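The data blocks that follow each hold one structure.
Look for chain A in each of the two complexes below; its partner is chain B in the first and chain C in the second.
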Partner chain A sequence: MFSTFQRIQQYWGFVTTVTVFLAAAISISSVIQEHYFVDIPRVSINVQSIDVRYGKPHIGYNYKRQEYSLMKFDLEADLTPLFTWNTKQLFVYLAATYPGKPYANKVVVWDAIIRSKEDAVLSLSDMTADYSIYDVTGKFNGRNATLSLEWNAQPYVGLLTWNKGSERERFEFPQPATAR
Partner chain B sequence: MLPQLSGVNIRQTLTQALSFCLVLTTTFMFWKGLSVVTNSPSPIVVVLSGSMEPAFQRGDILFLWNRDVRVKVGDIVVYNVKGRDIPIVHRVVRNHASSKKQLLLTKGDNNAMDDLDLYAHRQYYLDREQEVIGSVKAYVPWVGYVTILLSENVWAKYALLALMGFFQMMQRE
Partner chain C sequence: MSDLQTLLLEGPIDFVGQKLADSVTFYFLSIAGVVAFLVGIITGDISLTGYTLVLFVSAGFVIVVFPWPFYKRHPLKWLPPTIAQN
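Entry: the complex of A and B
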């Protein structure tokens, strides 16, 4: 009885130790691969149209009356090289960055979950943005903004990594169509 | 002979009780130490809902880091809204940052809508400093299921305590 318990304890300890080291090795190897052996993919972003309206934003739970954007865009990117043996999925998002006082802003307008290499070639044209942009102040005042593609690689085990395409697409918020 | 024997037994029992206490305090200090290093009141969390599926499922474990003054769009943060007990793990989709304050909007990857519904009444943004308790840096699947089992079934808690005590008694040396 006594030695049986001791053996179970020893086996259990051994199994957990091996598992922990194996998981660490898998995570570290994939992070090294991503960091040193994968070129950041080329991305092409193009804003097809950007409209600003006044009212309640269509998408989301914010029901305040304010200026909000409606956007259509094109996107080309081949993200297949980002898949390592430890990549469970990529979370890809298109984010608009624009200045302001006192708040500098960054807002996600479109996102996607990519679960396999086969789905990692993005080729979207005249795509409607998932989310509309609205500002803390409620107004855009013709500010300039840039769009960029970023992604978060989520692993089977271990460290999460974030990276982004170097390409930027500039656009300007127009005056609202139905100003009041 | 009898008193001698019982004396040995008391000593042994006390030693075992002491080493059991040592296990408990070591675990506690490890947890608190990790809290200090990561600057998060709860540096390891267990996923409870499916709102970040398929990446994070119920029972998975997340390691948090809270030393960055500003979080970024795309970060997965854990936040505690005032008046709600359960911490929520969701992604930052909106960031409005000034030199003094950072306002965030979050959304679950698997949810169609943003989190405004989960915030307090008439609260439109999360406050980075007040409400975010860390952002996710690492992930381990399944392991946290033990704690879900423990927190949702009272018998499991007592069974584990009994088991720990039993093993402690079995270790004589």
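Entry: the complex of A and C
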């Protein structure tokens, strides 16, 4: 550490080391806080109406005429327990899962970004879904589906985590109203 | 080079001073990290962690990097010059 330049190098090297340890400590502390000190968020979902139509699901170039469904729902959720000091934002989405061959289908019908604890209480009623559902086969055939609220907690430092609410709402795809 | 230039650009300090600068770096920055973490977890605001860390790092930079007089208290004692034998 004889010269000024050497001292700058040594000092800055240790600054970056401390920063790495600090980042590790922050992310570990927020994981511990989430798992051991926090309640499970309460979620309540209700499907107001499901409407299956026959036609083009989107305005655009390459969409074929097929069955697509539009949904209206109520959502009550208190996601404030998910906000730790290390939470930057929550990406919240409502996903519908229904059976299919060879794998089950999962489609997001609505999503939102929550940036602070104050905005984390969701109280939506008679909300139209952002996205419609259309199947790879083009038909629903009256299948049963489950709607659940899931979220991705995005921290300032650390790993991304995904989780979902325990409440699940079941519904059935009705037959299309209009004739083909 | 003038004395001021030598002082600032080269900043030589003696060996005991170098050990001191090394210790100050280690302890000061370790404490900075711990304090920044505690400030953040107690207030629940991670931006305060960033600000305290920047504050400590800036203060530490001034303390460690500049060739202060307290780093030069133990200068090397050179032997008196001997006359060369031809």
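Rule of thumb we're sticking to: the second predicted complex is superposed on the first by the 172 of 180 C-alpha atoms of A that agree within 3 Å, B and C clash if a C-alpha of one lies under 4 Å from a C-alpha of the other, contacts with A are read in each partner's own complex, and residues count from 1 in each chain.
Throughout what follows, a contact is a pair of C-beta atoms (placed from the backbone, for glycine too) under 8 Å apart; a residue touches a chain by one contact, two chains touch by 3 or more.
Quantities reported herein were computed from a predicted structural model and do not represent experimental measurements.
Q: So, on chain A, is it clash or fit between chain B and chain C?
A: Overlaying the two complexes on chain A (C-alpha atoms) leaves chain C and chain B fitting together cleanly.
Q: In the overlaid three-chain picture, which partner chain does A:Gln89 touch, first (chain B) or second (chain C), both, or neither?
A: A:Gln89 sits against chain B, while chain C stays out of touch.
Q: For A:Leu22, select first, second, both or neither according to whether it touches chain B, chain C, the two together, or no partner.
A: Touch status of A:Leu22: second partner only.
Q: If you stack the two complexes on chain A, which partner ends up touching A:Arg115: first (chain B), second (chain C), both, or neither?
A: After superposing on A, A:Arg115 lies in contact with chain B but is clear of chain C.
Q: Should A:Leu159 be classified as contacting the first partner (chain B), the second (chain C), both, or neither?
A: So A:Leu159 only meets chain B here.
Q: Check the contacts made with chain A and report whether chain B or chain C touches more of its residues.
A: Between chain B and chain C, the winner on chain A residue contacts is B.
Q: Quick check: superposed on A, how many Å separate the nearest Cα atoms of chain B and chain C?
A: Superposition on chain A places chain B and chain C at a least C-alpha distance of 12 Å.
Q: Under the contact rule defined above, give the chain A residues that sit at the interface with chain B and also at the interface with chain C.
A: Shared contact residues on chain A (touching chain B in one complex, chain C in the other): 2, 156.
Q: Per the contact definition, I'd like the list of chain A residues that touch chain B in the complex.
A: 2, 5-6, 9, 23, 27, 60-62, 64, 88-89, 91, 93, 95, 100, 102-108, 111, 113, 115, 131, 135-136, 150, 152, 154-160, 162
Q: Could you please specify the touching residues of chain C with respect to chain A in the complex?
A: It comes out as residues 8-13, 18, 21-22, 25-26, 29-30, 32-33, 36-37, 40-41, 43-46, 49, 53, 57, 60-61, 64-67.
Q: Within their complex, state which residues of chain A touch chain C.
A: Touching chain C: residues 1-4, 7-8, 10-11, 14-15, 18-19, 21-22, 25-26, 29, 85-86, 156 of chain A.
Q: State the interface residues of chain B toward chain A in the complex, per the touch definition above.
A: 54-55, 72-76, 91, 93-100, 103, 109, 113-114, 116-117, 124-125, 136-141, 167, 170, 172
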